[in-house]
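Pasting a structure below so you can have a look.
Per-chain residue numbering starts at 1, and chain names A, B and C are given in the order in which the chains are listed.
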Amino acid sequence: MKALARKRAIHVMLVYTGGCNGCDIEVAAAVYSPIHDLEQYNVMLTWNPREADILLVTGPVTKKIAPALKEIYDAIPEPKVVAAVGACAINGNVYKNLGGDLGPSSEIAGPVENIIPVHARVPGCPPRPEDIITAAAAAIKILSERSD
Amino acid sequence: MSSEQNDYSEFMGKGKARERMFETEIPIGFFHSALLEPYRTRYFIEDEIVKDCEIEVDPAYRGIERMLQGMPVDKANIITERICGICSNGHLWSSVRTAETGLKIEIPRAAQAIRVLAEELERLHSHLLFIAHASEVLGHETFAYRSFLMREPVMQILYMISGNRVNYAIPVLGGVRPRTQIAEWKGKAILEAMDKLDANLRKFIERFLSDIMVMSRLSGVGVCDKQTAIKYHAVGPTARASGVDLDYRTKMPEYKDFDWDMVVLDEGDNAARIKTRALECLVSTRIARQAIEKAMGDSEVLNRNWQIGPMPVQHNYIEVPRGELYHSYGLDDQGKIGHYIVRTPTMTNLATMEVACVGDQLTDAVVTLATCDPCLTCCNRFVVVDEKGRERSMTVRDVRGGGS
Amino acid sequence: MDIPDAETLAGILVASFGIPMLAMSYSILLPGIVRKIQARVQQRIGPGILTPGLFAILKFVFKHKPVISSPMPTLYKWSPAVGVAAMYCVVIFLTPQWAGILGLGSMVAIIGLLKVEEFVYVVMGYLSSNILSVRLPYPDTAKGSKWPDARRSTLENWGSVRMWKMIVFSSLPLYVAMFIPVAFTRSISIVDIVNSQAGWNCLIFRVPGAIGAGVYFLGYIALLNDYPFSIGKAKADLVEGPMLELASSWRASYYLMRALVMFAASSIFVTLFFGASLDPLDGYRLIVHLLLVLILPIFGAILSAFSPILTFRQVVPLSTIATLIGFFTFVITVGVG
């Protein structure tokens, strides 16, 4: 019963941590575009951490946002799953790995896994809406297999 | 980011009296349903009416200009186009154009046409995204869904041309990427898609602008008259909706051979800002069709006969979906970038909105901020903290005068 | 007070426990139907019909309980349960079995309980402080910012203030419309109103009844805080309003409360304007009632799909006009009928 309810009603929260916004637009396209329509898989978008099960994080985490990200993560009740969407969230992408004479950016607090634990990763710059839907499906599977 | 001067100084008291001007403050934080990017707004309200507003845009600061110091231009382009995901072509084209103007590199005609096509397609998808976002902030989910539905063909066309839906990387130094050359069959397919898109767009825009409830929310709200728009250096559709006829495309040589109209409205309220962008979509499809016809074929799209070398600081302006974009940098004798400056239109547009949203109800003020189409990931380019500890934004005058 | 006989007692027991169970199981289908209709208007496949109601409630029940940030956590957490209890009572007072007991089968009781439900939102809003607004770690009041010592409200507080205003303005159409059947029948007892419409002689087929139904519909949308009257929990600026901090089982109770309000308000509509009562001992009437209960949610879904959030600039005039129309219809019905 627990697994069935967890599989059939999922709330996703999107958190943007200072990236270029391309991944956010693709997530918005995955949710709000009738062609992709994430809601048909019983995944509903919410903006309230108290209501969320899956946290989608986009963007390389800037130092200013890092404490806020941690607080939002703590505010989500268990069981929760974090999905890092896009190359910035996975390894910092161009901001942390490319640089000229002065080196890469010093304003990045690192990829998401430096701050909160990550369970699913969606590569791409930005990932296509189909990839984001696949990631949501994978996260649902992780959620429904948790026994607590 | 505070506005340079308050317009309502006549009822600002001194000392304690100032605090009684409003009842409470509502902070709308990084993560919010009305925001697509992290920024912090503080609204100071008195019984639902916004008396003052402060916007802070620094959360998304990534230090891009500093990263680009000492990089070769073509490698720096990878970072430049990711300054913003929505206007990525604008930044990339601007960066490439700066070096080309400074080093006097010739661009083939077909490549110019493809660059214009990319920019107009970007304008289309950006404006449709804006309409979807504005509908979402208004609370009208159905229009948001319909707008996103209309936007999908544009993303598919971009995918077909360049290989990616976002961050398409079409311009390179000397022309465009050879993969983005438009063959006859591709051009014909894109023209058919554009016709269908145009017809749907007209129907949607008519339906949107004739909806009573939506227009009653938008008309007469967030009014920004021509003087305010000029005073706060608003650019792009935000300024054109207030009667300022400023469109940098009239000054760009790439647009000389195209037949298009500038859309200028007078009311300066939220409805006018949305209407300007909706009408600009229709102009963009016209330009895009002409650009496809000019670009179709097998002609050369990349000029490789040039040398990189030293270049003094070169200024460059183009018209991106949100207004005037300014890039400037110089190249040292090894061809590496020095002193990169990016100034995006959202900085001044947002400051204008900070003043325009005063006097409306809180829900309307949030919509007003959304109607200037803020793209804050571009926006954190520079904020100067002066000696008195106050932040102020840079104006075009400061930039041209060389302040940094 | 004379002791009722066994048959009446059995009827009261069935009405007091069977009907609310039926109401709860039926009402958790309603959010799903509403969402599906909205999705079809938006030209997409929406979530499954059971998802926004049943499975969402179950899922929240199975979540772990976090620490709620609130000055009075217990009151905050159990406020939706108070709303659920109020709706429970509304549903049982609508049954004919409760007609004679303590005078509770009357309009006054129903209206009072609806007011309790509206008040729950106000109480909740003053008692919560979600991470999303004031508590977010950000140096807002740093040197150089405007008004560093301003008094700050959380999003939920402001939602409460707006809910107060909604109670003042937008609950009036609902109550005025509920008095039109009273004017028709000259009695505040629900059983009398039902009996006066016996044999498909429904009030809604007459002109004052139809007008009253329209006004009731507006009041219903305002009661549910659905678009276009969702300024109290406007998604555009307050994210969710007073309900932000609710989590796990307490959020499940809030979802249940909302579904029950949907059912109860529709049930009142069907009882008053169609004369089909919620009678557990009359199968035919019960099935007709349950089918007619779907009317208001369906129309509500279509209206909410096509409207934005209206601010008080538009809500106040609209509610005033609706109230005035309802009031004049009431006066005319009292005079003529």
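Rule of thumb we're sticking to: a contact is a pair of C-beta atoms (placed from the backbone, for glycine too) under 8 Å apart; a residue touches a chain by one contact, two chains touch by 3 or more.
Keep in mind that this is a model prediction, so the values were computed, not measured.
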Chain-level touch network, classified as line, ring, star, complete or other: complete
Chain whose mean Cα position lies farthest from subunit A: C
Which of A-C and B-C has more C-beta contact pairs: B-C
Computed distance of Cα centres, subunit B from subunit A, in Å: 26
Chain centre separation (subunit B, subunit C; CA means) in Å: 43
For subunit A paired with subunit C, centre-to-centre distance based on mean C-alpha positions, whole Å: 35
Shared-contact residues (touching 2 or more other chains) in subunit C: 42-44, 132, 136, 138, 235, 239
Multi-chain contact sites of subunit A, meaning residues that touch two or more partners: 34, 47, 64, 68, 72
Multi-chain contact sites of subunit B, meaning residues that touch two or more partners: 29-33, 136, 145, 149
In the complex, subunit B residues that touch subunit A: 29-33, 36-38, 58-64, 66-71, 75-76, 78-79, 82-86, 88, 129, 132, 136, 144-145, 148-149, 151-152, 155, 165-167, 336-337, 375, 377
Subunit C-touching residues of subunit B, taken from the complex the two chains share: 2, 18-19, 22-34, 40, 42, 44, 48, 52, 54, 56, 135-142, 145-146, 149, 213-214, 216-217, 361-364, 366-367, 385, 389-391
Contact set on subunit A toward subunit C in their complex: 1-2, 4-6, 8-11, 34, 37, 39-40, 42, 44, 47-51, 53, 64, 67-68, 71-72, 75, 77-79, 148
Touching residues on subunit C, where the partner in the complex is subunit A: 39, 42-48, 50-52, 55-56, 58-59, 61-66, 130-132, 135-138, 235, 239-240, 244-248, 251
Subunit C residues within the subunit B interface of the complex: 38, 41-44, 132-134, 136, 138, 140, 143-147, 149-153, 155, 157-158, 227-228, 230-231, 234-237, 239, 305-314
